[in-house]
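Paired with chain B in one complex and with chain C in the other, chain A is shared by the two complexes that follow.
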Partner chain A sequence: MNRSLTFEIFRYTAILLALAVTLIPTLWMASMAFKPIAEWSAAGADLTWWPKSPTLDNFRFIFGTSTSDLIVALDRTAGKPILASLLSAVFGTLIAMTAGTAGAYGLSRFGSGQNLPLALIQLRLFPPMAVMIPVMIMWAFFGLVDTWWGLALIYGIVTLPFAFWLMKTFFDDMPREIEDAALVEGCSRLRVFMKITLPMMRPALASSALFVFILNWSDYLIALLLTTREWVTIPVYMASLSSSMTGQLYGAKAALGLIAAVPPVIMGIAIQKHLVRGLTFGALKQ
Partner chain B sequence: MTAIHLENLVKRFGAFTALKTMDLEIRDGEFMALLGPSGCGKSTTMNMIAGMEQPSGGRITFDGRDMNGVAMGRRGVGFVFQNYAIFTHMNVYDNLAYGLKVRGTSASETDRRVKAMADFLQLTPMLDKPSAKLSVNILQRLAIGRSAIVEPAIFLLDEPLSNVDAAFRAVMRTELKHLQRQFRQTMVYVTHDQLEAMTMADRIAVMDHGVLQQVGTPLEVYNDPVNLFVADFIGSPGMNLLKGTLADSDRGLVIDLGALGVTAPLDPALSAVARTNGVREVVYGFRPERVVLATAGQGLAMPVTFIERIGARTVVHFGDGEQRVKAVFDNDIAVQTGETVHVAVEPRFARMFDAATGVAIREV
Partner chain C sequence: MSMLATEEKLSVTGDRSTPETRIEDGGRRLGLMLTLPAQLLVLFIAVFPLLMQLYISLTDWSPLDGIGWWQAYELWNNFANYTDLAADSRFWDALGRTALVMAICVPAEFLLGLGLAILFMDNFVGKRLFYSVMLIPMMVVPAVAGYMFFMLFQSGGPVNDIVSTLIGRPFALAWLSSPGTALIAVMIADIWQWTPLMFLILLAGLVGVPEDQMRAATLLGASWSQRFRTIVMPKMKTIIIIALSIRVIENFKIFDTLYIMTGGGPGVATETISVYIYKVTQQDLIWGYVAAIALVILIALSILVSLAISRMNAAKEA
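Right, the complex of A and B next:
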């Protein structure tokens, strides 16, 4: 392929633009997280790319151990919201992945419940807000409002279609001969699923779980409606970081944002090798 | 070590009939090849023997025991898949040991048998390698080893060599035959490659369009095809088939080969059958290997259109259109493209088919 110079220039410009759109806000947030108040507040003289006098004060502030001149009384620290986010997102992901994987396997292998895929995708046709009022009423009835388990449950339900559809694609791609090979050796269906199918699906499970986790982790609206005080999550807590004196506490928000970015990044790195779909299933020649 | 009997076996997938009706007796310890083009129903038949598919009609018995409703894990069959179906999350050793593990074989016995099988298939150097990164040739050995290790009474192989390279295929043909001699299993081998069927099988079942065409030893199928399909399908190149009409002459019954403007004499036995049969429109068939050069004025005078040299042998194509003839000679044959050559076939090597039904006309 011999591309023209114009094309190459255009290509790299497009790549740089795309990188700028994603990276500059992230870098700005990272930089802001280490700036003292004078450098991020409206009162600050000038905005700079790098903190002139880097400090961990923003982090100390959100965890309630600040000694600085941020004269704001926090009614709670970031510890509980981080825990709330972790619990609800992790368990929500577990629910969605367990139900989604089981459903996808059944449908992919036995073709039962032909209307299920469409019914599930319909869940995503509504804006979540359209169903949130009834959900709030139900959750209130069951005493699930403002609990991490209530949140985990709704996260599991909302992300189930994604888990299901992703896993179904992966199961459809896995050649049935591999399972037949184990069945013909006298393995039970359950044992085949546990010992052959699931282990071979590890890459698929990992990438689907990461996707579902990120969806749950970054939810704002559902948590805003279903939590009030005890179990608010990071995004909801972040929105509350403001004061009548200084307005938005950008430094604190940036510090929290940086912390919130850690789990998806760690998970992403941990399963990086699985994210490459090149590791297709089975040594098979089609 | 089990005889397989297929009785009136039928398989339909919705409106499509994959297998019309099949009766086949596979003897104890026999190497039976199911041979036919894609979509002929051979794999469907095999899947029903394995229990992966349920028959729509008829029954399958192993040594007289009806297999209807018996789960595939309880039939005592080993199955080698075309795409190997290796458990890529396990290493070579664990793949080989899998069947033994499922059966609850003791660790020491498993270890002994895995090592013996690895030795037999030359897999010993890679026992602890992850199976995901092996070459297709190795994967194929592994797949065969994984099924053979439990010493199944029936060994089913579904086109196991279609993905490996040609040189390795030749090696594996010999090894599979050895494997079968060693374990004396009943082997059913599905293939579309007649060379594999010819070289390995004790008997071949030729299938087409869901119908069993002919069952016989490789030579029976090759020498005496029961119909035009088998005649054309078996052999490379296939049998020469020329349309003709039976006519009486002073030499007795002959075939008037119409467009070629010659008549071919008939073997006395064949001509006797043809007389009682009453068919006039026939197809005259002979193997390319049976064609010999004749002196001028004898046999068929045909222009050489194309010469194909395949090493030890040379395939010469004569004529074109409807009346095309192929002949296989030694590679030192002195003919040239464009030249007209006289060729002949001894009447005893000629075969005859009913042009309307395609069925062979022969002594019974």
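Right, the complex of A and C next:
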């Protein structure tokens, strides 16, 4: 709009400042992940911004292959929690996407399930903490506590609103001429959906699935309530990584935090075109 | 001969009427089938659990009692949970604290996000890269973000280091262990993580403002602030409402980052409503009481939302 030089200077200063604030927390954790134990906390006023002697010990430590300078050995390594996070998030995404895509198509094309849009928004509205008592009781009853499939089921339900709304807006946007043509050719409705609509929607399905995966992968509270030992997820395991001997295991936690943070950041940037649509329940498109 | 005739007749009538009706019926049946899984999941998570929650909230039931939840009627307590709740100062404090966090974080995120979005409205060198980087915080797992800020705010951590450099003398504030500053640190973390969301949504709205109108206004001599007020803001109204609603709703739930950073402490200094409910659930284990708290919050939220929706609809019609 205003292309004066002062404006450009102001703009770049403000943006660079914002970039610094945006990046410092993440970079600090990344730097911490490669620091040896001696550099974890500041001795006096000497704060190490970059690791002086970078090491992979923190990563080896959380996977149990090195105890190096650390006095403690872990009784549980990070392998299982990473697997738990992966399994629950992937299958949770699968549940949400299957039910969400089918439901969205049913509503978008045949007007079925008129109650779903509002019901699902309400589902998203309530703080998970306010509905967890019955969930905990039911999950205990069905033997789903501390299992990855129990987590996957609740993740699938919690993210269903996003999957449904995203896919609904994609189906609403899709031109129907191709479907109509196939119907005239004598395809059944179901066949049109499976063989024509879904393959055409592949990019939309992929970005919705990634969006839902990020949400599932990001959970902490639900896993905290529904897992105890066997299938704790990364954030729950991470919070338990501190010992009476060394206090906070800064480097080890940072290494694990980095492992947890990288996939959603990459996925998020990959689907940035659809982020607005996802975050606003399809109310806004970019 | 006669059979053939009937057959022919049938097929003829069939041909004449079915293309409409058969597809409609088939479509409706398929629609019901396709929406069934979603319907079942909603039923499974909403209706039955809510009834269970209501039932338990009227009793003193705890998972330690050794009786199943369905036998909770043995511990019926004549609405004592609800009267207790009215007098529970820790609950009201937590609610007030949640409101305070919301009242500071949401406007801060909005203003910062709007400012950034305005800077990103037209093209400049590096825009795409800056834009992608700007979005990173909201993609970071909130629990991990909590851990980042936990490290940053240690007394020997980077925040104090930067402050020391700026003011030129050693500065070692234990942010997270003093009641006043712990809440500030928690709010800074929330603002860091969710300003990008405001930025993203508001920018999407700003780019949607018709350029020819802006150019015409510029030609007519409208100043930047005039153009902003008369052209941009009216177009942005719905978008701003959406962005603010999303953050208000999500901010009310605040738990992950906060709980990792402070655990609700020191004392109860950063105890928000979710943290409070969590603590009663896990530590005190009086689930009858938790169910009552949760139900009150659910009902209050539902009323607020239906009010908001009807107000918005009224505004739309006006």
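We adopt the following convention: the second predicted complex is superposed on the first by the 241 of 286 C-alpha atoms of A that agree within 3 Å, B and C clash if a C-alpha of one lies under 4 Å from a C-alpha of the other, contacts with A are read in each partner's own complex, and residues count from 1 in each chain.
The working rule: a contact is a pair of C-beta atoms (placed from the backbone, for glycine too) under 8 Å apart; a residue touches a chain by one contact, two chains touch by 3 or more.
Predicted, not measured: the structure shown is a model, and the values here were computed from it.
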item: First, second, both or neither for A:L144, with chain B first and chain C second; value: neither
item: Chain C versus chain B, contacts on chain A by residue; value: C
item: Partner chain in contact with A:I196 - chain B first, chain C second, else both or neither; value: first
item: Touched partner set for A:A130, first chain B, second chain C, both or neither; value: second
item: Touched partner set for A:A78, first chain B, second chain C, both or neither; value: neither
item: Partner chain(s) touched by A:P175 [first = chain B, second = chain C, both, neither]; value: first
item: Which of chain B and chain C A:L183 touches, first, second, both or neither; value: both
item: Partner chain in contact with A:M97 - chain B first, chain C second, else both or neither; value: neither
item: Residues of chain A contacting chain B in one complex and chain C in the other; value: 183, 188, 279, 283-286
item: Residues on chain B engaged by chain A in the complex (per definition of touch); value: 50-52, 72-75, 77-79, 81-89, 98-99, 102-103, 131-132, 134, 136, 139, 146-147, 150, 163
item: Contact footprint of chain A on chain C as seen in their complex; value: 23, 26-28, 30-35, 37-39, 41-42, 44-46, 48-50, 52-53, 56, 63, 69, 115-116, 119, 121-122, 124, 130-145, 147-149, 151-152, 154, 156-158, 161, 164, 170, 192, 196-197, 200-201, 204-205, 214, 224, 239, 242-243, 246, 249, 252-253, 255-256, 259-260, 273-274, 277-278, 281-282, 287, 290-291, 293-295, 297-298, 301-302, 305
item: Chain B partner contacts - residues on chain A that touch it in the complex; value: 175, 177-178, 180-188, 191, 196, 199-200, 202, 279, 281-286
item: Complex contacts: residues of chain A adjacent to chain C; value: 1-2, 8, 11-12, 14-15, 18-19, 21-26, 28-29, 32, 41-42, 45, 47, 49, 95, 98-100, 102-103, 105-107, 109-113, 116, 119-120, 122-138, 140, 156-157, 160, 164, 183, 188-190, 193, 214, 217-218, 220-221, 224-225, 234-235, 238-239, 250, 253-254, 257, 260-261, 264-265, 267-269, 272, 275-276, 279-280, 283-286
